[in-house]
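One structure below.
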Amino acid sequence: MSTLGAELTVVGQGRIEIRLPFSAQLTQQHGYLHAGAVISVLDSACGYAALSLAPDNKEVLTVELKVNLLSPAVGNLLVARAQVKRAGKTLTVCTGDAFAITGSEEKVVATMLATIMAISI
Amino acid sequence: MSTLGAELTVVGQGRIEIRLPFSAQLTQQHGYLHAGAVISVLDSACGYAALSLAPDNKEVLTVELKVNLLSPAVGNLLVARAQVKRAGKTLTVCTGDAFAITGSEEKVVATMLATIMAISI
Amino acid sequence: MSTLGAELTVVGQGRIEIRLPFSAQLTQQHGYLHAGAVISVLDSACGYAALSLAPDNKEVLTVELKVNLLSPAVGNLLVARAQVKRAGKTLTVCTGDAFAITGSEEKVVATMLATIMAISI
Amino acid sequence: MSTLGAELTVVGQGRIEIRLPFSAQLTQQHGYLHAGAVISVLDSACGYAALSLAPDNKEVLTVELKVNLLSPAVGNLLVARAQVKRAGKTLTVCTGDAFAITGSEEKVVATMLATIMAISI
């Protein structure tokens, strides 16, 4: 995430927010943020949300994810918010939404439902 | 849905609730509601949520759905709640949760993310 | 599956076929097999495919599934074919296709990608 | 894709292969290709597969995708192969697999099921 320029702005119990300022390198010819970048940020937010509820000796990896791309990501900033839907001993299910922000306007651009696995370090 | 014994209990703009009392025919040997029944009810709730925002001359069909089964559906009643995440002219994206109810206790048993298409009648 | 009238017709190592004759009870007003029935049969085929590769002291449950409904299921018989994509110690990933058969004609009606978990009995 | 260093190596009717050599920039501390890169390449392969069957005046965009991450992407080269499962007038469903290649060894690392929409240019 740090190579993309993303920042983890909120960490709660099972709730995460990641903010990614748009950069020339991550945008397409039309000024849209690449879908791959949107998906990566949402995936990371889901992973961190699961990790925030996992025991200290665990790390997490994404088993699978499904994402609907709802609108082109046009704006200055991407904000991804993820939360744990159900935390299990082995598997945790998370949902997340990504919003493109232009000034004070926020528009949902993608929504994700993902399964995360906790593994012993 | 009527053959399953389901009832549409709430209809709002883009929000639907369907209730399905457990019956012997729909439960497995352990008294769990079959996953297929849970998925069918969630799918119907997503479809009706999309339909509630569609023009009068349209009907809807499910393009695809993804569902995470979170817990066995044990209880007396299944309640599925779906809402439109984003309504488009052709495609509408819906999310829905299903809960198993035992007395006054409600437990989430499944969560769905689905894509619904509007077609002209 | 037996209550639906389905039959497991092929069992291989990680490959399963389930056949379901259409019945009045499972079809809609237009003679289509209900999407819920198609999904249930595909889910079962994926589960049995995973189970065919699991150790004897394990049973399986579906963690999540995603299905694209490709065409209305019109015909006399539904055939679901599933295979293991990757078998792991805890999680197995399966794909499956469902076909509606009318006489000698076979038409794909749905495709599934599912995650199955092995649990100790 | 070109900024990632990816190359479209096969174009058939509804079948696409994209090859991406691993680079330091795309790999994690353990030498794995980032999941985000794997997903982006698979998504592109699915999109091009759909585009290869679309009329000349159409372009495509991904409505939604679901991907199972099967193994860490360790190797020298990623190969993504996608094919159209069903081409419709508006929506096309594609599947794709990604393989990590080390010398002559090929290992499946991810599998995708995606819905692609054709839109008029």
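By written order: A, B, C and D. Residues from 1 in each chain.
Basically, a contact is a pair of C-beta atoms (placed from the backbone, for glycine too) under 8 Å apart; a residue touches a chain by one contact, two chains touch by 3 or more.
The structure presented is a predicted model; accordingly, all values stated were derived computationally and were not measured.
Of the two chain pairs examined here, A-B and A-C, the one linked by more C-beta pairs in contact is A-B.
Of all chains, A has its CA centroid at the greatest distance from the CA centroid of chain C. Taking each chain's centre as the mean of its C-alpha atoms, chain A lies 21 Å from chain D. One finds 26 Å separating the Cα centroids of chain A and chain B. Chain centres here are Cα averages; for chain A and chain C they lie 32 Å apart.
The multi-chain contact residues of chain A, meaning those touching 2 or more other chains, are 63-64, 66, 68, 93, 115. Listing the residues of chain A that touch chain D in their complex gives 3, 25, 34-37, 39-40, 43, 61-69. Those residues of chain C that touch chain A in the shared complex are 63-64, 66, 90-91, 93, 115, 117. Those residues of chain D whose C-beta lies close enough to touch chain C in the complex are 66, 68, 70-71, 85-86, 93, 95, 108, 111, 113, 115.
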